[in-house]
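For reference, chains read A, B, C and D in written order, and residue numbers begin at 1 within each chain.
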Amino acid sequence: MRIGFVGLGIMGSSMAENLIKAGFQVTVWNRTADKCRLLAEKGARVADSPRAVAECSDVVIAMMANPRAVESVRDGEEGIIAGLKPGTGYLDMSTVDAETSIESARLAHEKGVLFLEAPVSGSRQPAEAGTLIIMASGDRELYDRSLPALEKMGKKVLFLGDVGNAARMKLANNLVMSGMLTALCEGMALASGSGLDTAQFLDVLDSGAISNPMFRLKGPQIAANKEFPTAFPLKHMQKDLRLALRLAEEVGQPLFVTAAVNELYKKALAEGFGEFDSAAVSRIIRK
Amino acid sequence: MRIGFVGLGIMGSSMAENLIKAGFQVTVWNRTADKCRLLAEKGARVADSPRAVAECSDVVIAMMANPRAVESVRDGEEGIIAGLKPGTGYLDMSTVDAETSIESARLAHEKGVLFLEAPVSGSRQPAEAGTLIIMASGDRELYDRSLPALEKMGKKVLFLGDVGNAARMKLANNLVMSGMLTALCEGMALASGSGLDTAQFLDVLDSGAISNPMFRLKGPQIAANKEFPTAFPLKHMQKDLRLALRLAEEVGQPLFVTAAVNELYKKALAEGFGEFDSAAVSRIIRK
Amino acid sequence: MRIGFVGLGIMGSSMAENLIKAGFQVTVWNRTADKCRLLAEKGARVADSPRAVAECSDVVIAMMANPRAVESVRDGEEGIIAGLKPGTGYLDMSTVDAETSIESARLAHEKGVLFLEAPVSGSRQPAEAGTLIIMASGDRELYDRSLPALEKMGKKVLFLGDVGNAARMKLANNLVMSGMLTALCEGMALASGSGLDTAQFLDVLDSGAISNPMFRLKGPQIAANKEFPTAFPLKHMQKDLRLALRLAEEVGQPLFVTAAVNELYKKALAEGFGEFDSAAVSRIIRK
Amino acid sequence: MRIGFVGLGIMGSSMAENLIKAGFQVTVWNRTADKCRLLAEKGARVADSPRAVAECSDVVIAMMANPRAVESVRDGEEGIIAGLKPGTGYLDMSTVDAETSIESARLAHEKGVLFLEAPVSGSRQPAEAGTLIIMASGDRELYDRSLPALEKMGKKVLFLGDVGNAARMKLANNLVMSGMLTALCEGMALASGSGLDTAQFLDVLDSGAISNPMFRLKGPQIAANKEFPTAFPLKHMQKDLRLALRLAEEVGQPLFVTAAVNELYKKALAEGFGEFDSAAVSRIIRK
């Protein structure tokens, strides 16, 4: 199976590299060419447009930052859809709203191309280690065909049914994640402000039923409240919160706490922390 | 060491039983006598007042539901303080505000009695299994003396310094726990309202960096949204949220998300879910 | 000036009637025909499509419930744009987002038609009395030309500059209004729950610096908490809150309180109060 | 009637002065003596303790900043209660919680003294002009006796029944006021951030059903977002929000929006705006 890979950001680069390591023939494209060069050194072919990637691939994977970026590589004369042949597959692993994926599916189907949306849970480290959680929905046939590749990028791959479901699942997952991060930051702020030892606080949290790997990783960063090396950028978390709240409005579901979490992320974004890790919301919570 | 145990609710009964099993001589008292009978069957002596418990103990442990209940067994002619002899110890394992513990310490010290506050993290199951997290602060000497008993009730025992610190740590811990529960409930509400499979949603949550035992235990209950067998009563969680927000006001720390969480718990309380498990906040979140 | 009027809901009917009373020749269209009959009795001509209205008018006014409804009468072969001749004017008085108005302006300009967005503040009563506040923005020439008609519908008409500004002003205005209503409802809930006399509470509010006509009108309804005769439907207020929060996200402005207000309105909508007056948010606030 | 006046802050000084102007014999005391000198110049007698004030008065009025300050002038050997003779009256016009007033009533009654709590609505200007709203509750006899004096300080005087009710009414009133101020600030932030003319925005608000004197006074200050001359200090508004939320917890009333308002006020306090006017909450809302 010849795989095309479009979008070589923090996540995409590592994911494409894992496919190369696994022996797949991978053709890449990225808006800025230097990212391509690094992949080429690992064995990737480099194409000069998303369309060119699609023309020489059985499956094209896109890994973009937001719906607009997805459209920019998908549509138009130099886009992925224009290059794909009937019977091939288009696999979008970006985190986008369900509407974008539904439109991608429509455009793919018009050309006789199969479509799968497959957003991931996990950030830089799991992307490098090939231990992402991959949530796929759309054409089952493409899922079955792509599984050998998906399993090189993720430790867990789930098929969730109709196209749109994976996007929705990702949003619900990130809603919980951002809520947990914010709860940790507020707890830390209270502990620290009350004169408690923050290392003991993290020890207490890690000793009970709420112990989890994210707290172990981010807890010390939040306690220090200075450096937040970017695993999952804060601006992307805020985007997911926005999309989650929009979905909630569509289905008539009030979300009082998530709405407050979103405002904190908006404030963090407004104060310039968008490129930091999503845990940097701590910077605007601590007094 | 002769141990007195006052307060045989869900938690206290199991904790006292673990002390009896470990071979300590335990004298108990409870406001309603039937709880005492059950402990007597396991080997406890039964006294007819908190004071009487204190008169025949080297250390008296209290495990009450709230500050007022603590005062009701601590003060007055029939209270614990009245019965304790100089040199003995008073160990309050109830979750109360720092002020209550500071007053307890003052009263104990007036009588030459050592004091330790030692609230716990964990609910019914860890209480039964003797795997609570115990956060102690106050007189170090009493801590060292009581450690053999504390280790029969908890798997982790921490000494946190001055009296009041354990209360504050407990509040910060429960703040995080209630925030996580609410985030899970809101995520579940969105997943369910969007037509996603709730079992797959829990699987996704459990596959990534936020995987934690509480979600595994409460997740299926929240998905079903019917029965919430009480491990930690919702009314107690709301009390802890109230105390956490009061502490935050004292130290000048804004807590936007926790304030929203608290209102949800208040609403759940107002709608009659106070005796259910704290996860029953789900009942007022789901549309 | 021959005026077309499309959209005869609660507001539109009264506004069109005021134009007729003032002597304008008015041609109307509505999705359901019975509303047209009532206006015909007052002197309106009735056309059988939005396009037909436009073909016989110098200025067409649209007064629809939401962006989608605006598009449904604006676009397509039977839409307003299709019927307007170059040099005429299209005046949209619906409350919609700025993007919808900007698109309406673009479509109008393509045909050589002038465009003005002119949403209103005020509900049933001011619509009947011709005392609305009208916020207009877009083509100044059409504003000047339409002023005689606008002044029959509103007691205050403001020109706010570029198209989109009126929509944004309306959203900011309704944000404040919904915040005030919710504050009144929460204050009333606290007063009532604390055993205070609600009539005295309203008297106190009306005696000081926050005294305002809306509180005098809605206060007794909120005190009774039963009937909420619809002046401005709750579902429209929630739509405006949604659009206001979306605008705030675009300009990077956190709005903690408005986000909480929006969740209350979403909850009121989810519980079936969408067709009631926006003050019916009280129904889900009172315990 | 000889009146004692204890507490000569921004409000108290003006209120005492109005009593002097009306011809009452007024004896004053203040923690810092310079405030007394100013009143002495207008005709007040100056006593050297709250007790000394009480000993030469038929009614003592206290106007303090918070419950602790009330206790500091009420209790102890040099306090008001110690100086009052049976049959005289103690009239507390401070804004305090109901519990403090209930305790004041108990202490007064023990000495055969009548008690009235009578907090006010309105700030510096109405205090100077004698146009406060005065909410009184407690001993009706003292109310009737004091009415001639109360009417010199307020334009509206209400009797609300049992002691505690006035405190609760004041809190509910200030809850609404702070909610309105915050709504105005958030609306202004959105208007300004969206490029709207803030003067036009205030004009729109003032043209409709929500037009009110407070918006006319504070609106331009909030639009400028710089100077906030103190009429009602922000720290006092936050105190009232805290007490309102505490009362709401007691009566089981969720207040989602007020909880968010309170966190904004806490944040404003934490950032050093406590001595500014309560409208200075704008400083932490605007991006």
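Please note the rule applied: a contact is a pair of C-beta atoms (placed from the backbone, for glycine too) under 8 Å apart; a residue touches a chain by one contact, two chains touch by 3 or more.
From a predicted model like this one, the values you see are computed outputs, not experimental measurements.
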Chain labels contacting chain A and also chain D: B, C
B-C compared against C-D, more contacting pairs: C-D
Maximum centroid distance from chain C, chain identifier (CA atoms): B
Homomeric contact chain A-chain B: same or different residue positions, threshold half: same
Where chain C and chain D are represented by their mean Cα positions, the distance between them in whole Å: 39
Rounded Å distance, chain B centre to chain C centre (Cα mean): 53
Where chain D touches two or more other chains at once, by residue number: 248, 252-256, 259-260, 263-264, 270, 287
Chain A-facing residues of chain C, complex: 242, 248-249, 252-256, 259-260, 262-264, 266-267, 269-270
Chain A partner contacts - residues on chain B that touch it in the complex: 121-122, 126, 133, 135, 155-156, 158, 160-161, 165, 168-169, 171-173, 175-180, 182-184, 186-191, 193-197, 200-201, 203-205, 207-214, 217, 244, 247-248, 251-261, 263-264, 285, 287
Residues on chain D engaged by chain A in the complex (per definition of touch): 256, 260, 270, 287
